[in-house]
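The two complexes that follow have subunit A in common; it is paired with subunit B in the first and with subunit C in the second.
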Partner chain A sequence: MNTLGIILKQTLEARNIKCLLRETDASEDHVCIDMDSFAETLQFIISGQLLGLIAMWAAEDFEDHSGFTLFYVFENHNVQELLVLEVKLPDKSAPSIALDFPIACYFEREIKDGFGIEFEGAFDKRRLFLHEAYPDSFHPLLKSFENQALDMKPEEQKGSEYIFKEVDGEGIYQIPVGPVHAGIIEPGHFRFGVMGETIFNLEIRHFYKHRGLEKLAENKKPSDCIAIAESISGDESAANAAAFAMSLEKINACTIPERACRLRTILLEMERIYSHLGDMAGMQVDVAYPFGASMLFILREEILRYNALFTGSRFLKGIIVPGGLSRDIETEKLKDFNRYLAGFKTRFKEAFKTACDSSWVIDRFDTTGIVKHELVSPLNLSGPIARASGAAIDTRRNHPYGTYDRVKFNLPSKNEGDVLARFLVKADEIKNSVNIIKEIIDNLPEGPVLSQCSDNDGHALTVVEAPRGQNLHWVYVKNGVIDRYKVRTASFCNWWAIEHAVLDNIVPDFPLINKSMNLSYAGNDL
Partner chain B sequence: MNWNMILYIVLNTAFVFLFAPLLISLIKKVKALCQGRHGTPLLQTYFQLFKLFKKEIIYSDNSSFIQRISPYLNIAFLLVASIFVPIVFIPAQESGFGNIILFLYLMVCARFFMALSGLDAGSTFGGMGSSREMTIASIIEPTTLMACAAIAFILKTTDIPQMFGTVLNGSILQYLPLLLVACSLFIILIVETARVPVDNPETHLELTMVHEAMILEQSGPKLALMELSYGIKQLILMALLINIIFPWGLATDATVSGILISVASFIVKAVILAVAIGVFESFFAKIRFFRLPDFFIIAFFLSFATILFELLS
Partner chain C sequence: MLLDLLKNIFGHKRAADIDPELAEFRRTGLELKKNIHAVFGRSLAIRELDSGSDNAAEIELNNLSTPYYDVERFGISFVASPRHADIIVITGAVTHNMALAVKKTFEAMPQPGFVIAVGDDACDGGIYKDSYAVLGGADKILPVDIKIPGNPPTPLQIMKGLLELMETIRKKRKKPEKK
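This part shows the complex of A and B:
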């Protein structure tokens, strides 16, 4: 079923536009066009209003095209496959699409930093992940740039200054917060424009911990890069490893054993459980209700210990590999976990009730930090944030992978979009995950967990639902090594929701709003 | 000034100095136990202060003499205020000593200099903390005055040692409305010591801080002095609350056994109150900043009701 691709191809051909539908597996429709026909193609996509932009990246010397190729990924929540638009650039510039798809603004700035491609007509041309210390001519993702130490000549080589939006007026002032914080948390800079305690503008500037992961993966053997995928974000290691492994499995047309496939689902759901437990506890800590939080922290710790028991790693590292799992999990341990989950459910309900019974806690959560439903599509929000804002979307449901088309689970959804809605959605998701795990353990087949995969060249796109939302991985293997690895985590898009959610709230409520989304600094900044 | 008074000042101040850090750790311990954690040892605050006193002091380039002197002023004001609240024994009376209005204004002076030092370094959080502290102060102070007026009205004196003496010589049954004021004093104690639901003493979130934000720029021994003054403030407010509603055990003359019984009974009562505060704090979440007046109004109402009862009975 290549619905989207075929519709687009037929439409374009009817208008005499040359295009090519690439042969790929069922999960993506890959349409190649030239720069000349880009504007008209885009016009068709916009006018249909059925597709949202979910990712954008560039590659140098892709396949037989020497120069840059841009990739635009579009999604329709009711269609299983994603639409990838591949545009060959004749030179180092492309038209900006940020006015039609606002989230493209960040993708374009990211591409400009990495490759030096100019986007004409962009409304924001500031740098994104490169800070002032890097010279303007520095573009680390170019093939001509080798991974070496940069000769940083002081002063004269400094990049252009990053200008924040000016706010002024009587009684109006700015609060710069971070990148160094009072607690031990990751670095990020928040520039508030406030009137008394009320926030009327927030600008976020991140990317203080760029590790160059995409560059690091280049010229390495694909199987060696699973560790890179796992370290994208410490608490999304299973989701990212699974996405990377699935991309390679698609390239090599490799089917993994049924047991491995189901065990992966268990691991992914355990990750969701411990991540959401931490979020729900953190939200209570931030309103100074550690009594309620401690009950959830205890549950989280127990799940982490089961993680360690199953995989040897509290954060599920080192088990998911291309082709399946690196080791089997004994059925006896899983049975024991199944028994534990029965008690877990009751205790979780109790902890949840403790939070809900405190009118002081609920009062802080209710109506705080509303993310409007209208923002979900333009900003490409995903995960619990989107589901708490009235969008019943979930990659597991919209684009099923692994065993998700075979397990039953509800899709919690709330319309309020406030901190309370996110709290409730996360609580529901934990209950769903527990049910999924129980169902799988009850029907787990015996058998091997690893199948041999060949090492082919090619490229593949994978989307998975990490605890924070949709993560996207694209792997391009050329001559047996990775030529380009692109990751877009949910945090990259979801971070911008905070800029909108805090408006009209007061400064002391910001940490709570931030915690209710619990976005990853590292996952945002590869 | 006679020997009795000198002995009182020395003993009372020494006791306040030594006992104040213990109460800080004790409340933390109770909160930890409520959350199912072991918590830090009871002597942790002493270790902490000892460590801070050995550390280097760093001042911001933008700070003035205010930041340098405010820790001394802060602790000095609170130590003077502590003399007004007898804990070891009630000293022989001297006229004009122990006035509750003066006591309140000494506390306000300490707060004033703390807020100034918060603003002084020109950092964002210090200023934010000071502005919030002053907002809270302007709402809680009328309430505090109302509560003190109610006590003075019931006990027919504005002198704190005399107040304790009056309750001690009578029976609480004679002064039942005091229990109402005690509730509002408890709320005032929570507010003045920056505790949940008003402020969170354990937070690391600089954007939500009030008290902590003001001392964020202090370091080394100066920070130790600020922490110590916080402990002293907490102790004397607790002592005020305890000795007004339950002064039994407090000695009226300076005998060795009297002082020992005073100190021992006070420690028992203070520990009970500290446990109560820790438990109270554990079961509440921090209130929304702009809803704080809703919380203060309870204290205001209780004090006001007390005065009405006294007038009508």
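This part shows the complex of A and C:
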């Protein structure tokens, strides 16, 4: 198709701007421009108001350009392909685009930490994933830094102090929470500015779990990195493994067997089901309704056991590999699962009704933690959060992959944007996923599940709809090893919605709002 | 209504037939309960500490309190503060960004306290071993008593690890008496 790329190329050429349209996979349009023409190109993109920024990253010594190359990815929900803008930097600086695309603020801070690239005009230049433990001059993604264990002591904080936003005024006080929380939850820091019981301001500081995943993949054989993709977030392992594998399959022009393709869809939907069940249960725990939660926890445990039965892992690890699946799933087991799902549907409906019939549950959910629709595009929100805020977007529908262009499913969407809307959207998505799985099992062809996927050089971009929203993977293979692996999970963008959603809510509702969004700390921190 | 109730009590339990582990889990749990009684006097308070896991281990630890497992019946509870804890269960390789918080959390636990590393990453750093961003396994920074490997370990494996800890503590206690 290449519609977006051709339009951009024609427009730029009409203004005498040199640009190059790369030959790529049909799912992306890749336009290369010089830094000199960046401002004008960006102006054109902004003026059209049709494209939203969904990711941004840098690479060093990309192909034949020595130095840094910046990549900007734009999306229009009505166009299947994504627009990638590749900009070669002459030096170590670039103009900030955060005033036009607010989410770029976080991408730019991430790039600055990784490579030391300065963004001129950026309104927030604080460090992001590198905390005080790291010296200010440390930039781990530079090629000159060889990945190795660093000799650092916890007591020694070599970097400069992180400055939080100051909120003051009569009667306003701060509540710092975390990184270690009261429950069995991942670490992160929340700083509330509170007026009485009402939240006046929230600032989130994350990346306590930064494990250096992107650097870890570098200089490894692509096929050895599937475990890294799976550990981005333990409960999104199928989605991330699939996205990583699909990137390699695009690079190598590998078509996976039909059976593997459909089985992958089953696994991806099982992941969505158990993830959403956990959220819906957790939301009821947070409003002190353990009975309703238990009904859903029981169902989730059963799905986790089917995960183990099919793949050997309760979290679907180790089965999705480049080229297909590492092992087949017996048709008999799937048929048994199909029978189980019939009962599951009834029990889920009953559990859902129990929650909806409980006025104290609905009372706490309703009008709590509203995410305004206006935030969806500037913050690049995706997944159930976006769908509960009036945006009927879903990567499975907007940029179909695997078998998603062939299976039928509804796109639930609500306009309220509150906790209740997210609860209802997730319930609908579970029902949809059950139907998708049923349809696939009923029409599953026999055959092999793995085809040969070689280790050629190249780069490819893949987006998938994980349970939490859109995950983006970009893999660049050079000389047979991974040279740069970029991951942007849905949580990386969705986290910032919560800073807005909690305003004017009371502090005790924060855990509920947080749970209703189910954001991943591990997937954000990488 | 009454029929539903009777069905609930006497009817076929789906949980029973997809669960070969349940009987073993119960056995391990009862054994653990006996041990907890002997070592800690009735109950065991666990504080979970995530130092950089991928969250799968947390989900399994949370699962221990869901209806299928319900470990409170064995005298185990997860507590909100390290100050209330007998044991810290640590998951994930220790990241540089978390190291200080991990140390402070451990120091807040009353002594004698014990540390269990849950999952491959917490045991020895796992796949992150050579990353710039992690110190390594939990034992790089805390005195780890027991390691429970797995990616992540299942609820049953976690229970067996707890049992192992109880036995280790009992053995340690016996030794001075012999002297």
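Here is the rule we use: the second predicted complex is superposed on the first by the 519 of 526 C-alpha atoms of A that agree within 3 Å, B and C clash if a C-alpha of one lies under 4 Å from a C-alpha of the other, contacts with A are read in each partner's own complex, and residues count from 1 in each chain.
Basically, contacts are C-beta pairs under 8 Å (C-beta built on N, C-alpha and C of every residue); 3 or more make two chains touch, one makes a residue touch a chain.
Bear in mind the structure is a predicted one, so any value in this text is a computation, not a measurement.
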item: Subunit B versus subunit C as contact partner of A:Ser231, first or second or both or neither; value: second
item: First (subunit B), second (subunit C), both or neither touched by A:Phe291; value: first
item: Partner chain in contact with A:Leu424 - subunit B first, subunit C second, else both or neither; value: neither
item: Per-residue touch tally on subunit A - higher for subunit B or for subunit C; value: C
item: Partner chain in contact with A:Lys215 - subunit B first, subunit C second, else both or neither; value: second
item: Which of subunit B and subunit C A:Ala133 touches, first, second, both or neither; value: second
item: Partner chain in contact with A:Trp360 - subunit B first, subunit C second, else both or neither; value: first
item: Which superposed partner A:Gly183 touches (first subunit B, second subunit C, both, neither); value: both
item: Where subunit A meets both subunit C and subunit B, residue numbers; value: 182-185, 294, 298
item: Residues of subunit A touching subunit C in the complex; value: 129, 131, 133-134, 140, 145, 147-150, 152, 154-155, 157, 179-180, 182-187, 207-213, 215-216, 227-228, 230-235, 237, 278, 294, 297-298, 300-302, 304-305, 313-315, 317, 343, 520-522, 525
item: Subunit A-touching residues of subunit C, taken from the complex the two chains share; value: 14-15, 18-19, 48-63, 66-68, 78, 80-82, 92-93, 95-103, 105, 127-136, 141, 151-152, 154
item: Contact set on subunit A toward subunit B in their complex; value: 175-177, 181-185, 197, 284, 286-295, 298, 358, 360-361, 363-364, 506-511
item: Contact set on subunit B toward subunit A in their complex; value: 31, 34-37, 124-125, 128, 196-197, 200, 202-209, 216, 282-291
